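To keep things simple, chains are lettered A, B, C, D and E as they appear, and every chain counts its residues starting from 1.
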Amino acid sequence: MSILEGKGVTKYFGGLAAVSNVDFSVEKGEAFGLIGPNGAGKTTLFNLISAAYPVKSGIIRFKDKDITGLKPYKICRMGVARTFQIVKIFPDLPVFSNVLLGLHFGHSSGMSSAEKASLALEYLDFVGLTQVKMAPAKDLTLANQKRLEVARALATGPELLLLDEIMAGLNPTEVSQAMELVNRIREKGITIIMIEHVMKAIMNICQRIMVLHHGEKIAEGSPREIANSEKVIKVYLGEKAHATC
Amino acid sequence: TTNTFAKDKIVVGMARPLSGPMATIGDSAFKPIYDTWTDEVNAQGGIYVKEYGKKLPIELLIYDDKGDLGTMTRLTEKLIVKDKVDFLWPSCGTAFVFAQAPIANKHGYVLITAEGGATHVKDMLPSLPYVFVSLSFSDWYQIPVLAELLGEKGAKTAYITFRADLFGIEYSGVAGIEFPKHGIEIIGLNSVPPETKDFAPIIKKAKASGADVFCAFGYPDLVLPATGTSMALDYNPKAWIGGPAVNFGFYHTTFGPAAEGVLGFTTFACSQSKAAQTLCDKLYKGKPEEINDWWGHPLYWAGLECWKQAIEKAGTLDQKVIREVLATEKFNTVLGPTWFENGLMAKECHTGEIGQWQKGIFEVVGPTKNATAKFVYPKSIWPAPPKK
Amino acid sequence: MITTFLDIVISGLLMGGIYALIAVGLSLQYGVARVLNISHGEFIMIGAFGTYILYKTAGVNPILTLAICGPVLFLIGFFLYKTLFKILLAFSDSAEIFEGKSLLASFGLLFIIQNIAILIWGADIKSYSFLNIGVDLGGALFPANRMVTLLFAVVISMTFYLFLAFTRMGKAIRAAAQNPRIAGLMGVNINQVLALCFGFGALMASFAGGLLSMCYPITTTMGMEYTVIAIIVVVLGGLDSIVGSFIGGFLLGIVGSIVTYIEPGLALVAYYAIFIILLLVRPTGILGK
Amino acid sequence: MLHVNHINAFYGKIQALWDISLNVHEAEVVALVGANGAGKTTLVNTISGLLRPTSGLIEFLGKRVDDLKSHSIVELGMSHIPEGRMLFPNMSVRENLEMGAYTKRVWKNKHKTLEQVYDLFPVLRARQRQLARTLSGGEQQMVAMGRGLMSNPKLCIIDEPSCGLAPIIVQEMFGIIGSLRSQGIAIFLIEQNVQQTLEIANRAYVLENGRLILEGNSQDLIQEEMIKKAYLGL
Amino acid sequence: MDITTLKSKKSLIWWTVIFTIFILLIFLPFYTQGYAVVLLISILVYVILTLSWVMFSGSTGYMSLAPAAFFGVGIYTSALIGKVFPFPITVLVGGMASFILAILVGALTLRLKGIYFAIFTFGLVMLIAYSLLFFEIQVTGTRGRFVIVMDYNTIYFYMLGIFMLLLLTTYLIKNSKYGLALRSIGQEEDAAAHTGVNVVGVKVMTFAISAFFMGAVGSVMATKLTYIDPFIAFSTTYSFMPVAMAIFGGTGSLYGPIIGAAILTYLEEILITKFAEVYMLIFGAILVAAILYLPDGLVGFIQKIWRRLMERNHVDT
């Protein structure tokens, strides 16, 4: 069953078609990879799904409901959470409160505040930030800020999680840890769409990958198919796939 | 406020706009008068109060109300309730008079107002026995005199522009009643909000209307640029009246000989009497011409003289007694015999209403019985712009 | 009909020139140095009084005075930045904090400058008459002093625009506005640049004051009124755009002129209505990014 | 040419760098390796004058620089390409690049260098009028890199340049670093792509919790068990 | 002793202190004479305005210069209906009118950020003032209006009541999830929206609640002015002063703005009466000095000293 579906999704910036007429369909429970050269429109697509930008034309369905035109907070409460490529944490709030906000507003369950607090700690533990839980978020390193974004997104209780380059800036060892984290999230039954330039991660985690170029879909398939696609190698992968960050 | 302790001074309290937007008015209107007057009285030892059997010098206690009405009312209360001053002198501005008068009255403090006066103060006064208004204003008796002067000369049409505030509304309103009585039709009327900067469209409209008389009822921020624009746009109505602004020395220093023939509101000219000449010398001699004010200054001065004489006549500092004296008796001031009638300075005491710049002097031209010079109508055209 | 219309538009342009002139300095101080200088109007006031005094006492031509008062105010602005605002910048953790603090500091400056001015010059109204003559443009008369102001507004703003857009220092000023730390990494001496900006802002204010005094009466308490105009014009135009301020000024001028022609009582209502509507349509000003 | 001698640095009361000493010589690529939060960025910020060391000495080209402001250090020929791009958001791509050539020394030649940078990153030529803030993440990284090269530096400090770049561009980037070295420019490189970094670098330092724990020839370091485990994911 | 009991003990002390102060304030008119109450009314006006301002602007970072608009709406309401309705109704209507205005304005200004929002709200004050002026001249043919006069103690108790209600509201908001939402909006609005916060709703609602208090205090204050006109009612002083007072006191805590407003109002009172000629000079110098030397506001400064003292005590024992 597909959890998220897009038909003819299009977005222009001035004359530039950042995303143009893209169809996609993400199955419930899978990890779906989104790759493509810099400026291909990947982040823009995330912005369209999460309603940061209005869609110019096309339709996006989440769990068979049309979500185009909804407000971001509505979409979040329906179960779509995201992280940001250029991190957007609440810099002066403690790490803990960053996560707590997701619990307060992400979904409408009748949790008591004690339950929320303990859940928040659980998420922090899940991403490995327990030690810095009271520090202002701005004092974290970039990598930790990205982890914090993941925890905050999880706290909203999503069914679908959009991860935008959370492995950028990690060394290979740390990438492995992050991959493990993503897998653990998936084990919770959360569907994942991830943008990543780190091929090792994309290829190992995702069941299916979609490739964008100049806003258009140029390929879609299993990691193996993508890795061997002439087109993708030419515009994106290059001879040897090496990027870690 | 009479007290049994030996008194050695009379404390007078004031909330004045030393800063803020009203400072401009406060600084040039009542301030030079109370400064000069207080110095003069104190130099003579003060005011004789029989109750104490001696002269008591005046001490001023001045607070800055920042031109904020809320602050002014608070400070007035402070002066009365906390500082227990012997007397209250007025705050600055018509709205401020309206707000201060009920407070003074409530506490039984005599208040002779300075800057400010308006038709509807007349309706209020019966309920405010302690309040006395010194300044002349629109129908008391300026505009009726103006209308008569113009009517006699055969003016038929007028164009009025006025500042959108209490002052402007009143003057234009009263003109609307008085002008037609003398056969002058108002063919243009518009209000301009405070802080308006561009007067060219108005002057152009007035010029196009061809009216005999142009009136600018507003403060200097309207009248000065309106004058400048009239000159630049070569607008020469037969009469050009503006105020309050034309009555100040700075109007003349700004436009020099070009001010010739412009009309404004006034009370006196130095040449009117010996007393007037003496006051002129006291206030203006050896000082820059800018500070002259031919309308308000003599009236404020007279107001203070009334106050002093009322205290002397009463022989006590008891406000109630002094109020009685002020309300019923006549005083001798720079204006001649002076008295209050229903709380207003009687119009018979005014020594002039309308003035006109003639050869560098702001002559009284109306009412005719007080005139120091003949009313010139039509006024000469502005000095011609040099041809390019 | 057409001549009336032209007449209104030209009047509007003349007025707009004054608005633009008032705003350009502030645009520089806020757009670059991030100081929303509430005391901008006080600098205008000093410029105006300088001009008035020199004209009255020594008969110096007001236009000539620009060249005297300008540099003096530049220095004052420059050193004010070097002392007060530099310290504030050093102790502010973020741009927003600096903005808040510098706004408040300039609020304090307003009080100080105005009080000193009142002590020196009094609070009463001052005015002189200069170039109160008409200039004939296609059959309609226009005040010469306004034309001079317009001319200066155009020249000054153009010069500044060109300076910012094309010179090395101009680019440094703009870069510093956006990310001072990184501008430092490029070799820009931030404090110097910001101080220069602030100085230039004060210099413009003094020009504006000098030219204004030819058209309007002046008082030591007049500053706030002009600060408000300046802020509105700057925001209307878009913060980091000198050209925006210029357009904003003209827009206000022309709208004001049209409305004044129809119903003078609504002139200021129209200013603020235009301002508010425009911001709703373009939340970052006409040329804002 | 760069000589760092026993420096310590703090964020408030927390010490971020402990007694660091290192050297970079002419025309050499030196890598700085370390986990997240080890203090790499802190170290290079201290070198380029964005942060002040509390003690110790930094010399560049024989001149003491630890008490200079960053703008004076740039004049001497050190260029720092900061982490996280840090562009001037409301200036165009071209203006951002030009700012890189701000120092008097190179301003005059900026058109020539600009062409060279465009040749390195052709995408940027196509986007030269676009505002930096509207570029995609990877495009921004290219601008940051190009801007750093505009100052014609003698030493180039690059903090995580491949971050967010498509694999094919990452390859090019390493190519660029190689060619910079052959032009005689020294490079001090922080990069998470440790394998490839060590392959290209002459020498490397390893930073952990604000302390240097290892240094040496990069070929040797690649073989170190500890490195393999901690940084190569092997 | 674990942290929670420590915390509750500390807050118990706080509550006792606050309670005592309130009791003192309630009985103040009975043991002082005349002017103290008048001055306290002025202080309360600014305290209420500043605290209301901080409720919205302090946490969201949207610097509103609209206080004068809401305050003025309250004043004008009082002038218009004060003679017709019982006073409590007038105050309520004043508050509600501001509340509704704030909802309209809030809904319109959502897209504005930073200084644009600040200046927009300032423009709003001016637009209202000038429109009202035009309306009064053209339609009612007057400019000023007289307001019913009340005795000081009544005014004082109304102010005190509004202040208590405001304090309670602020406290509740601050410690609820909405307080957190407001702060998150202040720091990274987009992220807040994508974390499920109804950014628009939370902002507009808080803006309107704070406006309610400003309007209510305006309708009470009107009776002290006795005479008003559009420019007196919508004086921009009431937009700027709360901002200055909040920053002066420090916006981080509940009592920062209160202390800031109280001290600045009192300071101003001293200056305009004792040093009238140089009041602005001194006031300005104090502002500048405060910004230079009290970077976290007065309260931040006090906290710092407090902490230092505590540390020293620790060392001593």
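Going forward, a residue touches a chain if its C-beta (ideal position, glycine included) is under 8 Å from a C-beta of that chain, and two chains touch if they have at least 3 such contacts.
Keep in mind the model is a prediction, meaning the values are calculated, not measured.
Asker: Going by the touch criterion stated earlier, list every chain that contacts subunit A and also contacts subunit D.
Answerer: Common contact partners of subunit A and subunit D, which must touch each of the two, are absent.
Asker: Could you tell me which chains make contact with subunit A and subunit C both?
Answerer: For subunit A paired with subunit C, the chains in contact with each are D, E, in label order.
Asker: If you average the Cα atoms per chain, which one ends up farthest from subunit E?
Answerer: So the chain farthest away from subunit E turns out to be D.
Asker: Look at all chain centres (mean of CA atoms) and spot the one farthest from the centre of subunit C.
Answerer: Ranked by distance of C-alpha centres from subunit C, the top chain is A.
Asker: Distance from the CA centroid of subunit A to that of subunit E, rounded to the nearest Å?
Answerer: Chain centres of subunit A and subunit E, defined by C-alpha means, are spaced 42 Å apart.
Asker: Indicate the whole-number Å distance between the mean C-alpha point of subunit B and the mean C-alpha point of subunit E.
Answerer: Whole-Å distance between the two chain centres: 39.
Asker: Could you put a whole-Å number on the gap between the CA centroids of subunit B and subunit C?
Answerer: It comes to 35 Å between the two C-alpha centres.
Asker: Indicate the whole-number Å distance between the mean C-alpha point of subunit C and the mean C-alpha point of subunit E.
Answerer: Their C-alpha centroids are separated by 31 Å.
Asker: Got the subunit C residues that touch at least 2 other chains?
Answerer: 114-115, 118, 265, 268-269
Asker: Spell out, as numbers or ranges, the residues of subunit B touching 2 or more other chains.
Answerer: Correct list: 18-19, 164, 191, 193-194.
Asker: Indicate the residues of subunit A shared as contacts by at least two other chains.
Answerer: Counting only residues that touch two or more other chains, subunit A contributes none.
Asker: For this entry, which pairs of chains touch?
Answerer: Every pair of chains in contact is listed here: A-D, A-E, B-C, B-E, C-D, C-E.
Asker: Within the complex, which stretch of subunit C touches subunit E?
Answerer: Interface residues on subunit C, with respect to subunit E: 30, 36, 84, 87-88, 91-92, 96, 99-101, 104-105, 107-116, 118-119, 228, 231-232, 235, 239, 265-266, 268-269, 272-273, 275-276, 279-280, 283-285, 288.
Asker: Going by the contact rule set out above, which residues of subunit A touch subunit E in the complex?
Answerer: 50, 52, 71-73, 76-77, 81-82, 84, 88-93, 97-98, 100-102, 104-107, 152-153, 155-156
Asker: Quick one: in the complex, what on subunit D touches subunit A?
Answerer: Answer in residue numbers: 11, 33, 35-37, 83-84, 123, 134-139, 141-142, 160, 162-171, 191-196, 229-234.
Asker: Provide the residue numbers of subunit E that touch subunit A in the complex, in ascending order.
Answerer: So the residues of subunit E touching subunit A come out as 177, 180-181, 183-184, 187-188, 190-200.
Asker: Across the complex, what residues on subunit C touch subunit D?
Answerer: So the residues of subunit C in touch with subunit D come to 168, 171-172, 174-175, 178-179, 181-190, 240, 289.
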